[in-house]
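You will see chain A twice below: alongside chain B first, and alongside chain C after that.
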Partner chain A sequence: MKARSRKDVRRDQIVGVMVFLIIWEVSARLLDNSLILPPISAILAALWELIITGQLIVALSQSILLLIAGLIVATTIGFVLGALIARSRTAYWMLNPYLSALFVTPTIALVPLVLVWFGFGFPGRVTVVVLAAVVPILFSVASGLRDSPGDLIDVARSFGVKGEIALLFKVRIRAALPVLLAGLRLAAGRGVVGMAVAETYLRLGGIGGLIKSYGAMFQTDYVFASILPLSLLGIGIVSLIGRAERRLHWT
Partner chain B sequence: MIDKLIRPSVFLPLVSLVVVFGGWEIVGRSINPLLFAPPSEVLRQFGELLQTGELQDAAMVTVRALFLGYFLAVVVGIPFGILMGAWTRFGDILQPYLYAIFATPRVVLVPLIVVWFGIGFEARLFLVFFWSMIAISVNTAQGVRHARPDLVEVARSFQATRLQMARHVLIPGAIPFVVSGLRIGAERAIVGVIIGEMFLQIVGLGGVITKGSQELLPAKMLCAVAVIAVLGTIIVTALDTVEKRFQDWKGAP
Partner chain C sequence: MKDTVLDIPAIELKGIRKTFTLSEDRDAKTVLALDGVDLKIRQGEFLTIIGPSGCGKTTLLRIIASLILPDEGEVIVEGEPVREPGIKRAMVFQTFGLFPWKSVIDNVIFPLMVRKFDAAEAREIAMKHIRQVGLDKFVDAYPHQLSGGMQQRVGLARALSTGADILLMDEPFGAIDAQTRELMQEELMKICQQEQKTVVFITHDLDEAVLLADRVLLMSRGPGRVREVIDVDLPRPRFDYDVRGHETFVKVRAHLWHELRNDLVEQRAEETS
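Right after this comes the complex of A and B.
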């Protein structure tokens, strides 16, 4: 099990992807059934058309807006509840049953209920994203704030920081930042899934709606072309947060 | 008995449950029944679904697809993971695809699955099998790759044969990873079966949810959600227990 250099791995991966794409293109042309397997060239052409007609930009901006709104709400809720259950036993025991229930229930099973209760518009969709994303934030906040940085607290006290709230903002949150970012990274990944679920279930708006409507028309090349930006969006957001995380760890 | 009830770990959750369910009941009665159902209504609906056998039948359909798909995922996933871990180059080449598959939400692939597998049992089975299999094999591969170098060195210096190395160092070291792969795989399998039942073929517990939303019966949807949550809890808790046991066994890293 000898370690391979990064360069070797990178080269293998690039060659591998190129071979894969060529095999795909050739076999798709031989199969000649664009319903089942459209060739790469057709998918790229479809993607180009989605970009030119502006459909992709509109759908993507709707999706990103939904995602960001959901993540902001989820962070706020996760923060308040997480801080509560970390710092108060009473709150922990009171809230624990619901949080465990939310944790084990697949978000997708809750989507129809949420949309009935909160409406099919923007609030309902944001709620789906929040439900998907809130759990990892909540748990990371709770565990980050529970392991109290004792020496830091003592130092802050001796410099005159008084009161639990002031300590929370001045010391605890900063000490827990790496854990919080890790939670946010997990939450962003799950938020993308929640966003896709909400949009697909409703069949309108955003990238999910775009995919669903092309799927209903059996235009597989357009389906592939609209899935691609969604995957890239997910990878982009998660790696952005990952980068911030690494930066914090090293300084 | 009383002592036990007064402990905060029992007493506080009970109080909170009573308050929330009581409030839910009171609020639920005054809201349009097409939108909201109080707990009493959910219980009544639960009894009705049990009596007609609808819930049991649905659960059977779900469990069958879930177990068959998960079984296949384990059978294929572990050997595949060993291959990926032992043959490093193969694992490296596959990595971008696995990353891409993980980064893509499953619901948006539903149109492709319809085109490839139809909307029947095979399609649902694929939704359970594929993602669960990938989770299992990625973890297995990690376990095989991350054999403790100190132990490998010791075994080498005692001139252990390949078989001895596998038997005493590699396999025991990989098992904790495999077991956590099995748990993650099970979680993915449960979500997969529900996606299949809600978006492909309206059957099983996921189908009960979709039907409940079409018939505007929130109580029915809540019943199915509760059964899914209980099913998921049982499976994941069981695997969690196994995982904890193997983590202790692994000892210090």
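Right after this comes the complex of A and C.
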């Protein structure tokens, strides 16, 4: 295949979206059942309604707050445990089974436990996001800090950097940053899933709450109008981290 | 005049011993890497260290840099016993040791920033040494954009920017192609002569060892000891005549090779028996 210019890619994407929307609109009109497949025009109208009533802004800000709080907690826990695992083989072998189990267990399966332990308020919802997001961060910290950055530690020490803490911040973390950001990108994607789960299965709220409540009322056009911003939020946050990754990578 | 400054050696090593524990899981083995090294390095002297691989050359240099501590013995720098890295010694690394996320200027300025120099002053000092190694066009380039030779120039500029009188160089030109290496040897000799640096230079290249040195230290194969220290009495500057054809050069080189060869042959015999 020939290499594609940016312009070609953009053109393909626009054509793809147009074709997709036309097929959707035509099928919706032919099917004529807005419960199963509402026409695009109805979805856009619903979206506009959500925007001007302010529902979307409120929901979106709740969701973003939850996501960010969850990712901050997950990053903190991931850093401490990841650094521990990087330093100690014993810790690695002791913790690894649980972490692997947590990684493959669907977050939704843990919701009942979170509910009893942390309740359905903000702490409970943050916990769900943390459970979804913590493992990739933890493993990326562990692998990033385990691969010692060549003789750069010697370089830093020989030029006067003293103490493990200073070396950690000046050399080890900086050298591991591309790996850490890759982990964070993965975690953000999983965090969005955890966020939607928390908002639908604990107390309703945010974008997840909108989807669930319009779903319960069988207003499919509003369901689609709420899913769209959720996807955009996920794509936005992941590509933001991806951009930071490319900037900080040195090759 | 008893106590002139020049009477104090730049570096003095007293009875340096070092063992390493190779912890291959349970059966830990200890290996004696250096067995009682005594040495005085004069101020302004260019000392090259050569020896078979595994003789502890790099270990010795890391001990002089205080990156590791000896089990026994003392490192004395300009009259003061030292136990941690200090501003009087600057190191140049075999694999260049540049921070890949820092530009040339930020790499060179690093030691000064660690020591809390004023930013403008540090930049000026760093720029001076970047110019000195001929990289003024690459101030903002990143290491991966530079050739090996250029990267090591950055490493050299960084060591010079510290203002240290003593340069510790661990096979600095080992990873550089042969022609660039010759050029860099010349430039290093020029800089060291101008600035009166004391240099400890590790190499596995016989020609390089003789070409650069005021004295060559020959180490014996493990456990590392000083086997012989040989004066290289060749006029400087050494790059404006055929130094490799000079009688002294040929004689010293032949002698070193003879000694090294014996060691290598013995080693080979032990390995195959």
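Everything below uses one rule, namely that the second predicted complex is superposed on the first by the 239 of 251 C-alpha atoms of A that agree within 3 Å, B and C clash if a C-alpha of one lies under 4 Å from a C-alpha of the other, contacts with A are read in each partner's own complex, and residues count from 1 in each chain.
Keep in mind that, in the parts below, a contact is a pair of C-beta atoms (placed from the backbone, for glycine too) under 8 Å apart; a residue touches a chain by one contact, two chains touch by 3 or more.
For clarity, every value in this text was computed on a predicted model and none was experimentally measured.
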- For the overlay on chain A, clash or fit between chain B and chain C? fit
- Query: Looking at the overlay, does A:G160 come into contact with chain B only (first), chain C only (second), both, or neither?
  - Reply: second
- Message: With both complexes overlaid on chain A, does A:L21 touch chain B (first), chain C (second), both or neither?
- Response: neither
- chain B versus chain C as contact partner of A:G208, first or second or both or neither: first
- Query: For A:F218, is the partner it touches chain B (first), chain C (second), both, or none of the two (neither)?
  - Reply: first
- Query: From the CA centre of chain A, what is the angle out to the CA centres of chain B and chain C, nearest 10°?
  - Reply: 100
- Contacts of A:L248 with chain B and chain C, given as first, second, both or neither: second
- Task: Kindly classify A:L30 by the partners it touches after superposition: chain B alone (first), chain C alone (second), both, or neither?
- Result: neither
- Query: Could you state the shortest Cα distance, in Å, between chain B and chain C after the structures are superposed?
  - Reply: 9
- Item | In the complex, chain A residues that touch chain C | 150-152, 154-162, 171, 174-175, 177, 248, 250-251
- chain C - residues contacting chain A, complex: 62, 65, 67, 84-87, 89-91, 93, 95, 97, 99-101, 110-111, 114-115, 142-144, 158, 162
- Query: Which of the residues in chain B end up touching chain A in this complex?
  - Reply: 8-9, 11-13, 15-17, 20, 35-36, 86, 88-89, 92-97, 99-100, 103-112, 114-116, 145, 147, 152, 190-191, 194-195, 198-199, 206, 209-210, 212-213, 216, 218, 221-222, 224-225, 228-229, 232-233, 236
- Query: chain B touches which residues of chain A in the complex?
  - Reply: 1-2, 4, 9, 12-13, 16-17, 20, 35-36, 89-90, 93-98, 101, 104-106, 108-110, 112-113, 115-117, 189, 192-193, 195-197, 200-201, 207-208, 211-212, 214-216, 218, 220, 223-224, 227, 230-231, 234-235, 238
